[in-house]
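The same chain A turns up in both complexes below, where it pairs with chain B and then with chain C.
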Partner chain A sequence: MSNLNPDTNREFDVIGKRIPKLDAAQKAMGRAEYIQDIKLPGMLFGKILYCKYAHASIVKIDTSKARALAGVHAVLTGQDVPKKMKMGFYKDNPPIKKGKVCSFRDEVAAVAAISPEIAKKALDLIEIEYEELPGIFDPEKAMEKDSPLVHEYHKSNVLKLPWKLHYGDVEKAEKESDFVVEEKFTTQWVTHCCLGTSGAIALFDSNDNLTIHTNTQIPSLAQKDFLESLKAMGLENKRVRVIKPIIGGGFGSKLDTYAYEHIAILLAYACRKPVKIMFDRVEEFKATSTRQPTVIYIKQGCDKNGKLTFRDMRMILDNGAYTSWGATTPSVMMMPITSLYRVDNVKYNAKCVYTNNTYSQAMRGYGNPQATFAIESTLDMLAQKAGIDRVEIRRLNRNQPGDVTPQGFKISSCGLSECIDEVEKELTIDGPKEKGIGTGIASLIHVGGGARIYKSDGCGAILKMDDYGKVDIFTGGTDMGQGLDNITAQIVAEELGLFVEDINVVHSDTDVCPWDVGAHASRSTFVAGNAALGAAKKVKETILEYGSKLLDADPKNLVLKDRTIFVLDDPEKSMPIDKLLRKAHFSPQGKMLMADFFYDPDNENMGKEFKGNMSVTYAFGAHGVKVKVDEETGKVKVLDYVAAHDVGRAINPLLLEGQVYGGVVMGLGYALTEEVVTKDGQNMNANFRDYKLFTAKDAIRIKAPVVETYDEYGPFGAKGIGEPGCVPTAPAIANAIYDAVGVRIFDLPITPEKVLAALKEKKSATTKI
Partner chain B sequence: MATNISFLLNGDKISYEIKDHWTLLHLLREEMGLIGTKEGCGNGECGACTVIVDKLAINSCLYLAIDADEKIIETIEGLASTDGTLHPLQQSFVDNGGIQCGFCSPGMIMSSKALLDENPKAGHEEIKHALAGNICRCTGYVQILDSVEAARDKGGQNE
Partner chain C sequence: MKPFKYLSPTTVEKAISYYGEHSETAKFIAGGTDVIVKVKEGWMEPDYLISLKKIEEMGELHKNEATGELSIGALVTHATLEKSLMIQNEYPIIYDAVSNIGSLQVRNVGTIGGNLINAVPSADGAIPLIALDGVALLHGPSGERSAQVKDLFIAPYKTILKSGEILKKITIPTQAPNTGSAYIKFGRRAAMELPLIGIGVLLTLEDDMETCSKARICLGVAAPTPMRAFDAEKLLIGKKINKEILIEAGNIAADESKVRNSIRGKAWHRKEMIRVHVKRMGLKCLEIIKNNS
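Showing the complex of A and B:
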């Protein structure tokens, strides 16, 4: 696609350009301030004591020695936490536990002291007597009638959540199918591994208003959570200001508020001093939440031509001991289940089950990678059973523009077909077989135009221009490294005929930035981008109005470009924009140019049957991978990777590629190496030696072809692309391994041990025959 | 125990009274306020705290400050010129998308610098090897490797 602006039919000046991240230089110089780097006058240091059992009654806590230690300002236990102070949408998680503990990460006490060392010493002086209770660690066992209860008051380990849908007639479609595949898959706990660990600083002013500096992807929703905490503490009608420093990685980990934030608030209130809680790496592994693990039962069928007839999926989710967004990932799993490829008859049912394990949260893709792993793995199996080429079966069933899926998703633009073409072009899918080498393909659908999970999917933007042609834009959107500040600046600069360096993006403070639902669901480019564009359009209208008077021309005939306003068919008639701004300001009844805009996309909340157009537009993609499997060791080496995505329009290809590359490698870790290993609820690999991330040594070349479909609702045609990179990676790998050596792994991660065991099993089965 | 040590930090002569148990990371970050050197794990596993000591890239979280006595130390703060011009590696990371959240960037750049100072013509595999101890969760390393190779190809010259 050419880089033409369809409104003016002129080349874009800023959109589509590879403009480096605006904050990259200060980060490269080591000047960027993360939560780790912030110190406030009089600040105390908080530390949290975690329990030593997966499930136990707290018989006695003695904090007297800790309180007596010089330098200790406060010691809190569950007794000090107001009854109504509970975290998570299910409200089952007090920031410090009382009476009993239900997982190893349970907080049992907290301390504030004048140094981190003294705080740690104080923790060591807290004496707790526990009475261990039987734990339950397998969600399927936890569903059994005689299973111990994680929370007695809940009366059952199964959460009361409504994840169930049935469209069409799955039973009938199954009977009428020519081919059916039925399998079980399991996926593991993986964790975000943000390089910058979690932390927060809370402080109260003399009127008991709270300011909290915290790593968050949801400044506005976090503000709401903290207001609720203040209310529980008896502090009604107070203000909460959330300040978000530069974040050392997000990936969904900061979509909920955590105990450490609420504990920092309690400690700061108890001491009336700023209190900072900073996680070390072990805490980051043990006390932040993972991706939701799953047990997946899937059945898919097709007719003799390969056309999909039905999809029937059932899942059991290990909820852990408390409830955060992990328990709501079925709402997003529904998307690929109902809408990846055309399939009319769909059934899905998911149960979230309490166990004494860690609890899960949002993580890039939000359930989509788990569901897509099962769907795309069984699609290859179905193609093989039906004797149809694996690329052809995908092409045959692909989504197309204008489709309405069984869940009611209205597919506006859709480049899935082109993405499959790109994968085929870039990766030799078929050809002479080399021993141990194979290829695999898998596709994806994801929300690309916001996601109406919450009641509002909106984002506000306030834009002001000064006398020098410079813009400050205050956006609700959150930059956490993905580059939303660039996208915002590029959109505003393009619209106002300015340069990117003329735009200052402020995105870090609820006192000055408008509301936004958060940096999730790949929504920021689309939603925050449209908010910025809306504000810029309003200001532009005023500029054109002034320009029309000053240049004596029809506003429709005026163009803003290169910091200048000029008459389109008489470019000699022009004026620098900053001069126009000064003329507008310094004249009788003068005017400063400002505008606000709140963009709430025209998408729908899903009703009781989970039907509704959740997103204004959907992103599509196809991934292809070539692997080499060492049959002696079971080790899988990735040789080549193609990740093609329909992005609507690439606002900034440099940053877009960064999102894809990063997503793919995160997906490769999910597929091959990463797992939080637990034993009876206890994390056994809370360090980077034993939690296996890809390193630079494992880095591969990734091709990331971009398909531009120009979505009519997106800012300059763009869709979201933050998450898709990690969505179909695992099934693409699993399919390639099968292609290479004829074994299929149903359980992530696909470690050499599992491949080797499957190879051995295959060999012994062959020998028997 | 306190000890007085002297070292050259980013070209400046420093004399500092340290406690013997301090790590070099603690001295730089907490005592001297040089926040560019990051702590990602405190166990020598992530490389965010990489600095250069006598031309070698080291994890400053595992290096005792007392061992810095009489050494030449380079940190991320010393790379850009005083006129604000970025070091070619810094500029290359900026231009090639090598930086997203940025938390690993100072360490990544210091490991790259130690390599290219030693071997200005380092190949792709050597670069991968030199950066193997620096974890990045954002980029998948693709644009980081691009950044180092682009800086190498320019031969240390900014444009």
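Showing the complex of A and C:
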């Protein structure tokens, strides 16, 4: 696509340009301020004591020795936590546990002291007597009648959540199908591996108003959580200011508030001093939440031509001991289940089950990678069964613009077809197939225009201009390394005819920035972008008004470009924008230019039936991969990877590629190497030696063709692209392995052991015949 | 992390005498890539770290062209070995092992001596030195002594070194003509990876270029200490080396190993990897011999 602005029919000046991240130099020079770098006067250091069992009663806690240690300012246990102080949307998780503990990461005490070393020493002095209880670690077993209960008050280990839908008539469609595939898939715990570990500093002013510096992706919703905590502490009608420092990675890990944040608040209140809690790497692995692990039962069918007839999926989700956003991932899993490819009859039901394992959270893709693994793996199996080419079956069933899916998603723009073409072009193998080499393809759908999960999907922006042609924009959107600052600056600069360096983006401070629901659901470019654009448009209107007077021209005939306003058909008539601003300011009844805009996308909350247009627009993509399988070791080597995405428009292709590369490598880890290994609820690999994150040496060259469909609702046509990169990676790999050596792996990650075991099984089966 | 004092003697004698002064409260440190991790984690709490880095004689890498003997100072870093053309050409098994240790940063500071004395079953550096019949020169309060590298290890983290003893260097005896050697670290990642299993093979052929006169099959992570698969080696001696006999040797080596299940890998798969890679490394040795002749 050309870089033409369809609204003006002129070339874009800033949109579509590969502008490096605005904070790149600052980060490379070590000047970026992370939570690790922040020190406040009089600050104390908090540390948390975790329990030693997966499930146990607390018989006795003795903190007297810890309290007596010189330098200790406060020691808290579950007794000190107000009853109503509970975290998560299910409100089942107090920041410090009392009575009993239900997982190894349960917080049982916390300390604030004048140094981290003393705080650590104090933790060692806390004496706790436990009585171990039988634990339950398998969600399917936890559903059985006589299983031990994780929370007795809940009466059952199965959460009361409504994840169930049925559109069309699946039973009938199954009967009428010519081919049906039925399988079971399982997916593991993986974790975000943010290089910047978690941390927070809480402090109260003399009026008991709270300021908290914390690593978050949701300043506004975190503020709400903290206000609730204050209320539980008896501090009503107080103010909370949330300030997010620069963070070293989000990926969904910071979409909920964590115990350490609420504990920092409790300690700061108890000590009347700022209290900082910093996670070390082991804590980061053990006490932050993972991607939701799943057990998936899937049935899919097609007619003799390969047209999909129905999809029937049932999932069991290991909720862990407490409830965070992991338990709501079925709301997003529904999206590929009902709407990836055209399929009229769909059934889905998911149960979240308490166990004594760690609890899960949001992670890039939010359930979509798990569901897509099962859907796209079985689609290949179905194609094979029906004797149809795997690319053809995808083309035949592809989504198309104008579709309304069974869930009521209105597909505005859709470049899935072009994405499949791109993958096919890149992956075609000429000549005879080499032994052990195979290719695989898998597609994706994801929300690309916000996602109305919360009551509001909005984002606000406030824009002001100074006398020198510079802009400050205060956005609700959160930059967490993905580059929202760039996108915001580019959008504003394009609209106002300025340069990117003229735009200062201020974000993630609730005292100065407007409300936003959070950096999730690949929504920031779309929603925060539209908010910034809305504010810029308002200011532009005023500039044009003044310009019209000063240049004696019709405002419709005025153009803002290169920091200048000029008359389109008489470019000699022009004025630098800063001069115009000064003229507006320094005249009788002077005016400084500023504007605000709150953008709430025109998407719908899903009702009881889970129907509704969740997102204003949807992102699509297809991934293709070529692998080589070592048939003697089971090791899979990725040779080539192509990830084609329909992004509406690439506001900044450089950052877009960054998102795709990062997503794909995260997806490759999910597919091949990453796993939180647990033994009876205990994390066994809380380090980067044994948690097999891809290293730079493992990363491969990825081709990332961009399909631009120009979405009419997106800012300059853009859709979201934050998550899609990691969505179809695992099934693309699994399909390629099958293509290479004829074995299919149903359980992630696809380790050499699993591949070799499957190859051996296949060999013994064929020799038996 | 408990604070410590850092001493940097410039001679072996001074280092030993420092150790004498502080004995069990002191610890030797070379590159520190194992020591500092342990100190930071609180697994080790020395009051004194005695750095060996300033002892020049321990940092030399030298081949005596007259005798053919190779001498590797204990302080020689993995990166130095990796970059040495002499090592690359004449001791491919050392190159294979050290060039895949950790990351560039770890190889730049980690030493071969530290790798041996840290004595983990997964030490990549130990396997080639055992295969090459390396001899360790030790220097302690009661003077010098030497020991075969293969005999250095008693248990994980435990060597025969006595308190205050320093590993000065490792010598590799002259290699016979028609010798090839190769090592592979089998792991899941391409970097920052401890081996799931490490396999080193060295073969020497007689002048007929077929019959095996010497064989070393050495395994890492296959037992609590690096081990030689003696039965598998024995099988090869006096035999014509081809794929079939290497497969058999691999099977025997797998049986000799004492591999275990761990969170990192299953025993059956480790055994399988020994089978496969004894064969592959054996074939690679033949290839090297052929190319060199």
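Criterion: the second predicted complex is superposed on the first by the 766 of 769 C-alpha atoms of A that agree within 3 Å, B and C clash if a C-alpha of one lies under 4 Å from a C-alpha of the other, contacts with A are read in each partner's own complex, and residues count from 1 in each chain.
Here is the rule we go by: a residue touches a chain if its C-beta (ideal position, glycine included) is under 8 Å from a C-beta of that chain, and two chains touch if they have at least 3 such contacts.
Since we're looking at a predicted model, the values are computed, not measured.
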Kindly classify A:16 by the partners it touches after superposition: chain B alone (first), chain C alone (second), both, or neither? neither
Tell me the contact category for A:697 with respect to chain B and chain C: first, second, both or neither. both
One more residue to check, A:689. First (chain B), second (chain C), both or neither? both
Who wins on chain A residues touched, chain B or chain C? B
Check whether A:728 is in contact with chain B, with chain C, with both or with neither, and answer first, second, both or neither. neither
Report for A:482: first if it touches chain B alone, second if chain C alone, otherwise both or neither. first
Between chain B and chain C, whom does A:753 touch in the aligned arrangement: first, second, both, or neither? second
If you stack the two complexes on chain A, which partner ends up touching A:408: first (chain B), second (chain C), both, or neither? neither
So, does A:534 touch the first partner chain B, the second partner chain C, both, or neither? neither
Contacts of chain A common to chain B and chain C in the A-superposed view 688-689, 694-697
State the interface residues of chain A toward chain C in the complex, per the touch definition above. 632-634, 673, 677, 679, 684-685, 688-690, 692, 694-698, 751-753, 756
So, in the complex, the side of chain A touching chain B is made of residues 20-21, 23-25, 27-34, 36-37, 192-197, 246-251, 280-281, 480-483, 654-655, 657-658, 661-666, 687-689, 693-697, 699, 701-702
Which of the residues in chain C come into contact with chain A in the complex? 103, 186, 188-192, 194, 263-266, 269, 272-273, 276
Along chain B, where are the residues that touch chain A in the complex? 34-43, 45-46, 48, 75-77, 79-80, 86, 90-91, 93-97, 99-106, 109, 127-129, 131-145
